[in-house]
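Presented below are the structures under discussion, each in the form of structure tokens.
You will see two complexes here that share subunit A, one where it goes with subunit B and one where it goes with subunit C.
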Partner chain A sequence: MMLLCRSASFSSPARCISNEDQEPEYDTGDLDSDDGEEIFTGTSNKPFVSTPPETDPSSDIFSEEGSYTVQKHTAPKTNGVQSDEELDLFAEATVELTLTAPNSRGRKEIIGPTEPLSTTVNTHGKLHVANTSNKPSEEVEEEESGDTFELNIAVTNPEKMGDGMNAYMTYKVSTQTTLPAFRSKTFSVRRRFSDFLGLYEKLSVKYNLMGCIIPPPPQKSVVGMTKVKVGKEDPSSAEFVEKRRAALERYLQRVVSHPALLQDSDVQEFLEREELPRAVNTQALSGSGFLKMINKASDAVNKMTIKMNESDNWFESKLQEVENEEQLLRRLHASVDSLVNHRKELCSNTAMFAKSVAMLGSSEENSALSRALSQLAEVEDKLEQLHQEQAFSDFFTLTELLADYLRLLGAVRGCFEQRMKAWQRWQEAQSTLQKKREAEAKLLWSNKPDKLQQAKEDITEWEAKVGQCERDFERISSTLRKEVHRFEKEKCRDFKHHIVKYLESLLRSQHRLVKCWEAFLPEAKAIV
Partner chain B sequence: MKGSNEDSAQSVNGSSIKITDVTQDGDTLTFAITSQKSSSSAGVCVFRTYEDFEWLQQGLFSQEDVPGLQGVIFPPLPSKPLPSTSLSQAKALKQLGFLALGDEWMIYCKALELYLQQVAAHTTLSKSKALYSFLNSSESPGKQCGKKGILNRLSQAMEEMRKEGHKDVDEFFQSERDSSTNLSALFKLSTEKFLDVVLNKQRLALACGHFSTSLHLCVNQDNPTAVAFSKICLKLSDIIEAVKINYEKVSDNDISTLGLGLDLESRYQEAKREMLFRRTCKLVELETANRNSERAKPNKKAIMEGVQKATQKEFDIISSVAKQEIEHYHRDRVSLLRDFLICWCEKQLSTARESSALLSQHLDACKKFAV
Partner chain C sequence: MIKLIVQLSSPSLLRSVSVDLNNDSSLLIDIPDALCERDKVKFTVHTKTTLNSFQKPDFSVSRQHEDFIWLHDTLVETEEYAGLIIPPAPPKPDFESPREKMHKLGEGEATMTKEEYTKMKQELEAEYLAVFKKTVQVHEIFLQRLSSHPNLSKDRNFQIFLEYDQDLSVRRKNAKEMFGGFFKNMVKSADEVLISGIKDVDEFFEQEKTFLLDYFSKIKDSTAKAEKMTRSHKNVADDYIHISATLNSIAADDNTALKQHLEKFAELLEKLRKVEGRVASDQELKLTELLRYYMRDIQAAKDLLYRRARALADYENSNKALDKARLKSKDVAQAEENQKQCLLKFDKLSESGKKELTSFKGRRVVAFRKNLIEMAELEIKHAKQCVILHSTCIDLMDSSFIFAVVQVRGRR
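After this line comes the complex of A and B, so read on.
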């Protein structure tokens, strides 16, 4: 598989991409191709499983459940437009992603791609990679000595700080990594929910206009949080906190699995820095708020006076696909939700049955029958527990997966809207340029030399802008295309992984069920 | 348990009684009943409706010349079946409980079958002409005008309820009555709760079905990744379908074994309570007769004493029959419950093992799935 290995450097946060920015972060316009190239090389292979509630907290929080590894290496810093020579060198790099057997601590490592065929090394202080010799283009080789970097994230230990209505939860965000970009190998910080939202804010400002699919954060929940604040120590608030903790963990794992975001300084700061300034303006990002944002963008696009002339059918059909899939997932989510509810009901019904049988057992006079009935009550208690765990599994494995992807598809749709906006800006720039040209033509006839000069300057300015807009549009288009490919592959892996987990939990349930029945049978037979 | 040699020509082999078929015509169910006499292997097949069963039960109640008949614990007849054409599922459940569930009235037939077998196994009741007629007569006996029995179904009229609490003269019977009341309520409760559990499992199976069907809609062949994703969704659909089938099997097992057993036990408890109540009524009657006899004016004294003696005799016979019946009852119910519990456990165990194996296969297939 021939892939293009490139990565961009993402320097200071101050460098926002805007229309006027003359330096694109990366220019892939010339390197576009049709068969699903990835501009980002590393991908995670073991995403987003929350630690189930029964996990022993003292165990390694970076157990297989919550970790994944990422292969990173960089190409030369692409500060500005590439020269032709350098571009050629990138064309042949091969990437091979393989999974080794899990190491002793249960983490998987990806043996990385071969090295890019360039001689310059990016040493922007973040990632660098030892360069090897140039590889001939035809050979596909696997470099065992390719650099592998690990990054594992876990979100644990929710703690309530403060009290009353000003209370909030903090979560421990622990990172284990071999990436040299970070100061140490293992570190942790405490973050609160608004910090996560703040991170999303920053990332979306930076990357929204580039066509990158930014993972959306977990939803705000006023009801849930109020319960926690008020201090109700009941199972539903514990469940809420666990749900949130798991969602935050998945969110971060998705963020760092995006190769561009992993290198982002805001992300690194989020993971590393002791104290973060309090994030503001996070009101917009409640669950409905997020969707409102997306839908507002859609509305704006729909109101566009100029209908977009889609030169590339791919985008139109892909957007339709995304919308269809959103509908499907919504339906699936509703189905699984109802499944979870039925299971919870089964839990409580089984518990009531167990109680009634226990009462029977204690009233029954025949001693063997009495004992058998008491055993039956215990069996039913165990079944109740099984049902409960299965309900959790249903929920965390399937329901949350579907919910996450619903939000992610919303984000994808948002990117498509951004692209259309970019197109619109380009069209507007072109029409402004046209006006300027007409103005100049008029001035030519009216013989006002000083104004003419201004007009000519205007034209030059707008020509440049038009060029910029066009490049922006091309860039966002090609990035979006690649992002969508990456996203789709990711989605496949994600779903497969979760289905395997779900199956494993079903199987475990069944095994325990078999044991229950095997234990009860002799008791039943012993009745005389 | 079987009749004496003279009656052996008449007596039926209880365990051979089977309900082999049921047909529904509008609101009426017709049951095909086969049986064999204990002396021969020739089988007889008759067709009966629920009215015929009621006729039989009445016939058993109204046997004359059976001393202490009131002390007999009569095998309980299930309630009238309500074909769903006329009533909703919820009403049927309320009336029949577990017997309303299951495919094609199978569970109900099993309950009727057990009823007949229990009647045929009863020392006294098996000799009844009504039973013979029921099992052998080609004519439907229910059409005949049935004699109104001495005994009526227990109806909890207000005065009757007062009698229920009447203190007994015999410690054995007093404790039997107390434990009966207690256990009866508990068994009823357990049966209801178990019914809730089973219905819940059926709803769960239905939800799984919906989920599985929805997953089928995720098929998209546009590009290789979409194809891969579709395959994953279809795989999940298969898995959920397996889960659904498992739940259906589990609830079927529940219904046909423990559900049936609990239902039977509940109804038998009721039958026992009814018997004890009849005896208690007799006791009240006896005590009334005693009082009358004491207070009687000389001209009535002889008559009163006569009544008192007769009532005493009846009461004693009833009590002795009742004692025997209770002993049999205790033994029989334990073995019945045992059989049901073992059957239930074995079925659930086998279903769980099957399901394990199937899920294991799915898991292997999934893991090999290339993404």
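After this line comes the complex of A and C, so read on.
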């Protein structure tokens, strides 16, 4: 797994280092038996694990209103399911990252070029980033002796600043961490939507060529924002703000769950710095704009003059898989969307019916029946609420998840395109080198010594370039492979988590339904 | 076109609306089966009787919807029954909704998987069948109410309807009569104005009038809202089909541990949609149908009030005519006779009307009670079933996790 490292003491631009020998190891060895116990007892009643107690009073930044995903934790029993290689246990909404940085070897280990890191995840979302070059026993040792770091993020408290068409929303981004890279353990900043887009832009510029899958930001929405700007205090604009807040939170959580991005100084700056320079050029990054960008890239690749000679079948079949999946997810998203809409309809129809029955009950002359009818109206009112909440759950648990993954799959596709472009550059460099060699040969024949020197220099230059391109290509290929693995694991975890969460919400609904009708039954029986 | 032959095994099971029927077995009527061809529904009306007025003790005839309407209208137009609440005519069989859906399904066939399409088609066929069952039931109830009414059961036209083994179309409304019917509807709306304006001397009828007018508009509204609500339920159930099918497609392609989760989830949704569908149709039968039926029944009760109001108007007119006759000293005897007749008619109407309306109250309350209880019980049953389905699914998802842990530990 490629690690892109930045630390406070280094100011050089990040370089991605390839190391052919070390394949990613999602090692089951990382998991202690201790952790296993924890899994079973599922003691995650609080959102985060109490590792070396960082229980500041300010840890309640995560209990503020609006932090939807954090607050709705229930049923700790619902843990994930296995993957083939390791225990895939989904994280709770807060992502906890643990970097093992054994003091003895110092920070060098983390930034060292020869130490790629792997990640594993356990119940409470601890990402153990351990050195894979070690044998399992050492790892265990490290874990026990090493510092474990956490990082939790929440996006809360949307606030409207300014007035009229220049108004904008800011969101409070709160971080709680034990990572030494940050100045303090708990801090928060206010950010606006364009800041998030700006972060994405910086990251994609840096990492796009590496084959890393960068989580795409939430979509821009002119309509939604205009309503908010204009100041309409209606439920739809509140819904829009909540939708956006949750999306921004998920976005940041995905960013920091990527080990390389967590180390990135731009990310850290985003989380920590009081005032960020205003991001420009965020126009291009609306939802449809993002997908258009990806599709443009793939069009360009299709128009490639040199057909890519795929040496590794894996990439071709994987890309096909991704494309198929995208199509199916799109269909699923549409169906779930329709479900949300129909449930909302059901909700409003139930409300109307409840009112109507109440009226009917009031004009009924038989008193027992009248009472029963007004009870029925109350039941239907409660049902309306139930449907409303269920629609909400449908939406946030399923629809938004699917929408996120549609964009993520687009990002994955983008990475494949990047790899093809890298191959193309390599081929072009090779053909240029070939031309230079031919030119040199011609010069040799025509015996022009002064130009010969130039030609030789050219050849050297292009040989180096070819070498560089080849290395780039190899590097991007192996990074991409690892990234795809990581992505798939995370996707697995994510989906499982959300499916179970959704099922639980359905279960809760039905329980309440039973109670409602059981309360009504005696009323109906009391009619004489 | 669709040809459905429905064998209805036990009519009493289908009876959603409680009708106060006496247990007199001298005249038993049921509709054991029906045939649906194109838009025409042909009902087989089966009669079993111990009465001598009929030629045979056990016989069946084939009738269409229009025949029922004819019977209803003839009863309404019979003077003798003016003081009775005539059971409301059954509504025309309406296959519009499932037909439209079938049409949409056909259009959208290309975008669905085969499995999805089959399920949707099944769902539609079930809906079609439900509409069909409902219309049979409604026609049956109409006849049964007639047969259990002391006066109406003896009606000559009713007997003809049950017995005449030829096509009744000869006796049905011809164009002239239809026009007459149209005129009648216009008169009826004038009646509404008539009775709502005038305050009745009789306390009982005044109260009834106020109550029925008010109640009618409320129940009409409730019926419409209940219909919308039920339709939304159905839509949600249908959505589960699509989601389940797509999940199955995704699971088929998936090679990770997610596969089994997706499959289980898809399976759950498939089961769920059946339950949701049942919830919707039970709600329709117990609630919406109840409201619909009593809306029509109240309309019939209102008709009784109109007839009485017209009789009163006639009586008052006859009084005026008598006074005029006395003034002119012409045709006095005739006018007196007329007045006497009108008074007689009016009194008879009022007396039987009072009886009918009182028993109607009781009938209505009983029906509401029965259906509300049954609906609540069904809702509870379905919700509990859902709870089981959900818990099982969640447990299944959890248990596979437990296996995983055991495996990992084993490895170490």
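Note that the second predicted complex is superposed on the first by the 382 of 528 C-alpha atoms of A that agree within 3 Å, B and C clash if a C-alpha of one lies under 4 Å from a C-alpha of the other, contacts with A are read in each partner's own complex, and residues count from 1 in each chain.
The rule we apply is simple: a residue touches a chain if its C-beta (ideal position, glycine included) is under 8 Å from a C-beta of that chain, and two chains touch if they have at least 3 such contacts.
Please read these numbers as outputs of a predicted model, since none were measured by experiment.
When the two complexes are overlaid on their common chain A, residue A:485 makes contact with subunit B while staying clear of subunit C. Of the two partner chains placed around the shared chain by superposition, subunit B and subunit C are both touched by A:359. Residue contacts after overlaying the shared chain place A:342 against subunit B and subunit C alike. In the superposition on chain A, contact of A:162 is made with neither subunit B nor subunit C. Look at A:496: by the touch rule set out above, it reaches both subunit B and subunit C. Once the two complexes are laid over each other on the shared chain, residue contacts for A:467 go to neither subunit B nor subunit C.
Common to the subunit B and subunit C interfaces on subunit A are residues 36, 321, 324-325, 328, 331-332, 335-336, 338-339, 342-343, 345-346, 349-350, 352-353, 356-357, 359-360, 363-366, 368-369, 372, 376, 488, 491-492, 495-496, 499-500, 503-504, 506-507, 510-511, 513-514, 517-518, 520-521, 524-525, 527-528.
Interface of subunit A with subunit B (complex): residues 36, 317, 321, 324-325, 328, 331-332, 335-336, 338-339, 342-343, 345-346, 349-350, 352-353, 355-357, 359-360, 363-366, 368-369, 372, 376, 485, 488-489, 491-493, 495-496, 499-500, 502-504, 506-507, 510-511, 513-514, 517-518, 520-521, 524-525, 527-528.
In the complex of the two chains, the subunit B residues touching subunit A come out as 179, 182-183, 186-187, 189-190, 193-194, 196-197, 200-201, 203-204, 207-208, 210-211, 214-215, 217-218, 220, 222, 225-226, 228-229, 232-233, 235-236, 239, 243, 330, 334, 337-338, 341-342, 344-346, 348-349, 352-353, 355-356, 359-360, 362-363, 366-367, 369, 371. Every residue of subunit A that touches subunit C in the complex is listed here, in rising order: 28-29, 31, 33, 36, 39-40, 77-84, 86-89, 321, 324-325, 328-329, 331-332, 335-336, 338-339, 342-343, 345-346, 349-350, 352-353, 356-357, 359-360, 363-366, 368-369, 372-373, 376, 488, 491-492, 495-496, 499-500, 503-504, 506-507, 510-511, 513-514, 517-518, 520-521, 524-525, 527-528. If you check the complex, the residues on subunit C that touch subunit A are 211, 214-215, 218-219, 221-222, 225-226, 228-229, 231-233, 235-236, 239-240, 242-243, 246-247, 249-250, 253, 256-258, 260-262, 265, 268, 272, 361, 365, 368-369, 372-373, 376-377, 379-380, 383-384, 386-387, 390-391, 393-394, 397-398, 400-401, 403-405, 407-409, 411-412.
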